[in-house]
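Same chain, two partners: subunit A is paired with subunit B first, then with subunit C.
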Partner chain A sequence: MSEKSWLTEVPQLDRHQLLDIRKTLDGAYRSFSREYGDTIEAFFDPLLTFLIWFEKLLLSTPWWLVIAVLAAFAYLASRSWKLTLGVAGSFFLIGYFGMWDNTMRTMSIILVSTLLSVIIGLPIGIAMARSNRVQSFVTPVLDIMQTMPAFVYLIPVVMLLGIGKIPGVIAVIIYSVPPVIRLTNLGIRLVDKEVLEAATAYGANSMQRLFGVQLPLAMPNIMAGINQTIMMALAMVVIASMIGVKGLGQPVLKSITNQYFTLGLLNGLAIVALAIIFDRISQSYAKRTLQSFEGK
Partner chain B sequence: MSNNKQQNNKNKTPLIRIKNLYKIFGDNEKKVLEKVKAGQSKDQILAETGHTLGLSDINLDIYPGEIFVIMGLSGSGKSTLIRHFNRLIEPTAGAIEIDGQDVMTLSTSELQNFRRHKMSMVFQRFGLMPHRTVIENIGYGLQVQGVKKSERHERADQWLKTVGLEGYANQFPNQLSGGQQQRVGLARALCTDADILLMDEAFSALDPLIRSEMQDQLIGLQEKLHKTIVFITHDLDEALRLGDTIAILRDGILVQQGAPVDILLNPADDYVEAFVKDVNRARALTVETVMQPQICRIASETIGEAVAQMRQSKHDYGYVVNDDGYQGIITQDTLDNVEQSDYSNAIDSSLLEDVPGVQGDALLETVIPEMLDNVLPLPVLNEDGEVEGNLSRSTLAEILSDQAKSGTNNSNSA
Partner chain C sequence: MRKILATSLLVTCASFSTTAMASECGQVTIADMNWNSATLIANVDRFILQHGFGCDAELVPGDTMPTGAAMIEKGQPDIAPEFWSNAMKEALDKGVAEGRIRYAGVTLSDGGEEGFWVPAYMVEKDPSLATIEGIKANAKLFKHPEDPALSAFFGCPAGWNCQISSSNLFAAMDLSSAGFDLIDPGSGAGLSGSIAKAYERNEAWFGYYWAPTAILGKYKMVKVDFGSGIDVKQFKECVTQNDCMDPKPTMYPPSAVDSVVTEKFAQRAPEALAYLSGRSFTNAQMNTLLAWMEDQQADGEYTAEYFLNNYQDTWSKWLDAATVTKIKKALLELK
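Our next item is the complex of A and B:
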């Protein structure tokens, strides 16, 4: 420590100590990634295969079939012709302005990330709802995941796995999984105590309570969480493109560096269109599950 | 009638037996239990330890086939108590025996099995599952048991009809009125064929008209089904109407336990007395519980014997009975007017005052019109038509006046 008074100056580690800390941590992580990088990459291989397969599937399907399938989904979820036509129209326009392939790539990564977020998030949310201890441990972790700048956790991910689809998906999931966890937890905790008590009183075991009462009654909240997860995944598209994820993010990134206003605007609008479509579809599905409780 | 039932119960074994049950809410139940047993009050314990005394030294015997009402104001621990029966709440200390089985020794899966088959429960706010249709709600208990869907629906459908909700099978609970929803709750409870029905303030959330309709329905069903029903309520009128036995809880302590008449006429303390004060006694008490058993019964053939029998009693009227049962009242005045020479004649109907008899199990309310039409005390008849006692205007007036004290005296003399 220096001789200056701690009253006027913030007490501070000196440079050498800071440097040592950085060197130690960086060195440790580097050797960790050298040691285990391949193993971890191998672990993610099936996911990569799936991602590539899904992207190819979307790209090789004729455009009219993709639009038809999406429109059918929109109709099934919402039973609204307006939304269905809106979906079909927007996708046609996206293709018309030459963004079809990038949109399909983005969609594939968004859908896979959302699927994984739900697969990871639901059990964590359930565990949180069951135990206050788990909740008090997971909540601050979720806070960190949502506020830590994406670039910061991109560094170790890229160091470990290089650039490409898998680190992109991981970054997207880290950013977008918290809502589904939080709202699953909240939804289960909000389930009417008396209904749950009734299930217990009739001898339901914990699985029967979970799948017969808690999850169905929490479904509107869980759907709201999935909706938020999709929105946040879309928000990560541009950042993910910085580590080599192909899709609508890359032209946007190119527009920033080269000041192509129109290109940026068009691709930005395509992201917005995707967001609105996914949002409306998942929201109207949530609304319909809620309405069935009210018997409408 | 209730008294008789109590007598009969002495010979039966209780279906539910609660012994020395304590429940303390807080982190350190066992330690606080010592203080409770040392006799500290609920307030003292809360002030000293921050623990809430939920139930203290509860002892109950509930017999098969009876409606056992547990009554108390909010916070008295009645809902806590009923949740001990199927261990939705774990006691701090004490024993719970159902059908000879110590519920406290059951493992998790045994407890689940026990809840599936032994008991079912009806809740204050219905506790129906909003995402299931009415028929699926009714069949829920069976589904948990693993009964196949077709059989489940078949059995649920029967109960749906029994509670009068035909045609509502595929509605969702939220489409139904409160009364209808609770009927679904009742049907769900009956659908598992459990012997014991726990009803936690089942009718409290309903408006008065629907509530009394539901009470009638429950009484009607009970006559057919003979379940053992534990019914929680804060409403004494409801307790008196439904209960074969009533237990009154206050601050987690069982203040009084007994037949409705005992509670009404011999309140154990000021608390129960305050409760009982506002009760419409005319609707709660039956004739036989307040009648005077000392009567002059005239069973003679001739007028002469009647005069002799009348002299032996201190009354100036007598109830004439023959093999066909009660015939009418004969008064001293009438007998005085009969010539001595006619004493060997049989008593004929022209000498009798035509005073109707009242049934012993009738509610006081229903005999008021007859009371007003006749000056003489009405004869009280039992099921076989025999005269058991009488009910005079003054007795009735005394009982119906709101002084519990006078009620107490009266029943002592009765």
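Our next item is the complex of A and C:
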């Protein structure tokens, strides 16, 4: 063994050292989850109550009312009858093919996750835009969040919080928050220096500059970020259902294991429909805010 | 010209296969299925075939359906060491009838064990929890993660065969009127994660699981008695069927877990076949080994070496004295 040279063999920890490291870290995590699991669970309780309440609200609302509200949103955001009719039509079809309840469940998770992503993402994005040091620290973290395979952190989260909605929402947020952070940062950094100087010349302090000038001018970029966040959240639906999140992901999983192609396709299409609807609504809203700026 | 070439090729091929016959076992491929007990057995087989029978044994990745199909259609891989044969019973029986494959022996002597389980520490506190009646009476113990008004029963992940049987039994025993909600854990990892979480914190847990698994080796669980005995007919005709309208309670019958080999392999290596037909594990042994494997985070090869080093009484019964000596020698060389 000792004759092997480091030139020909990759220098490697021996099996026992590597095992020791793995076992120590795993043991540490286990005792951490035993020690603090209940506290952390209690911390998330309000969110869980809200999630359950919101899901029940969507499920118990009559279908025509849900469609009407969604269509109204679509119209208010886009002022386009075509989009509004498309939204109403596709939701009607989703219900007609028996996917209403699952779609409502998925929608509630996605909406709450997006809302939380925006609440978490905007301040981080602003902080990144204001300080290069924060940016150089946050960027690699975002890279990890976007590329780390979801199962790597899903199962530890399950150990800590059990299966169900909360770990699902956490997984979805980890994956989908980076775009809103990145694009908020980018949007604010792209605001014209001269505009800022003008604002300063008029005596605006830094808060006034942020809320009066930078954020409004960055709005199209931020909206694009939110739009991407929604898309990525929807992409996580199937993964989240692997830890017991109810919704459109479960029938997809079921169809994968049983090779029920039609069932998979129908539920997959329902996810696509949700994605397109959210995408069009948020994009046309962004476009209209941009237009209203340019119109001024 | 072409014909001559073809014939000569055929002749060469034939002569090759005769030389293979002469060296007995020759090259053997073993399906290394993607779950722990199967990969452990595959590694044990590889070691024993290689060092005991002089085979040139090699592991190839596998999974129940693709491996079964490939063995029947293509005659490759040669050995599937842990095959849950109920999963593709019809195709296997057809393969046997057509003389393409052969059941070499029983891998798990107790058979695969399924059931509804509760943690042992709960039963120690209240022995009535080992029966379904006791569980129904104490439904309040099993807190639902999302709805305080309900109790939780962790079912089988979406799309698995056991999802049908577990939900039918859930209905048969009328667990929902006792306040239980059937939770879909989404994946095997989700289900085992929920057991691990409950066990680490001494919480209540009630749900479907199966053995042999590392989880049941590591976390002592008690199989809940339905008070019905095993009704194989009811189980086959109703409980496992999707369209079963009126399921009746029955315990899970043990499912057959066999070693399946290709007919070609069976004919060219009768001695190795004899080993495979004698080689079997009990569930208790397997659970312990799997728990060790998970605790040590060992891979199949390492665990196989551990098994061969520490469980000589078990495996020496599968082999004749001369082969046992060969294996022991090979084990010494490892160190």
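Here is the rule we go by: the second predicted complex is superposed on the first by the 292 of 296 C-alpha atoms of A that agree within 3 Å, B and C clash if a C-alpha of one lies under 4 Å from a C-alpha of the other, contacts with A are read in each partner's own complex, and residues count from 1 in each chain.
To be clear about the criterion, a residue touches a chain if its C-beta (ideal position, glycine included) is under 8 Å from a C-beta of that chain, and two chains touch if they have at least 3 such contacts.
Everything numeric here is computed off the predicted structure, so don't read it as measured data.
Superposition model on subunit A: subunit B and subunit C are shown accommodated side by side without a clash. In the superposed model, C is the one of subunit B and subunit C that contacts more residues of subunit A. When the two structures are aligned on the shared chain, A:G268 is found in touch with neither subunit B nor subunit C. Of the two partner chains placed around the shared chain by superposition, subunit C is the only one that A:M242 touches, whereas subunit B remains out of contact.
In the superposition on chain A, A:V213 makes contact with subunit B only, not with subunit C. Looking at the shared chain after the overlay, A:E194 reaches subunit B, while subunit C stays out of its contact range. Once the two complexes are overlaid on the shared chain, A:G86 sits clear of subunit B and of subunit C alike.
Once the two complexes are laid over each other on the shared chain, residue contacts for A:G95 go to neither subunit B nor subunit C. For the overlaid pair of complexes, the smallest distance between C-alpha atoms of subunit B and those of subunit C rounds to 45 Å. On subunit A, the surface touched by subunit B in one complex and the surface touched by subunit C in the other have no residue in common. Interface residues of subunit A facing subunit B in the complex, by the touch rule stated above, are 192, 194-195, 197-205, 208, 212-213, 216-217, 219, 292-295.
By the touch rule above, subunit B contacts subunit A in their complex via residues 86, 88, 109, 112-117, 119-121, 123-131, 140-141, 143-145, 171-175, 188, 192, 198. Within the complex formed with subunit A, the residues of subunit C that make contact are 145-147, 157-160, 163, 183-187, 189-190, 193-194, 196-197, 200-201, 295-298, 302. Contacts from subunit A toward subunit C in the complex involve residues 15, 19, 22-23, 26, 30, 33-34, 37-38, 48, 52, 151, 154-155, 158-165, 241-246, 249-251, 253-258.
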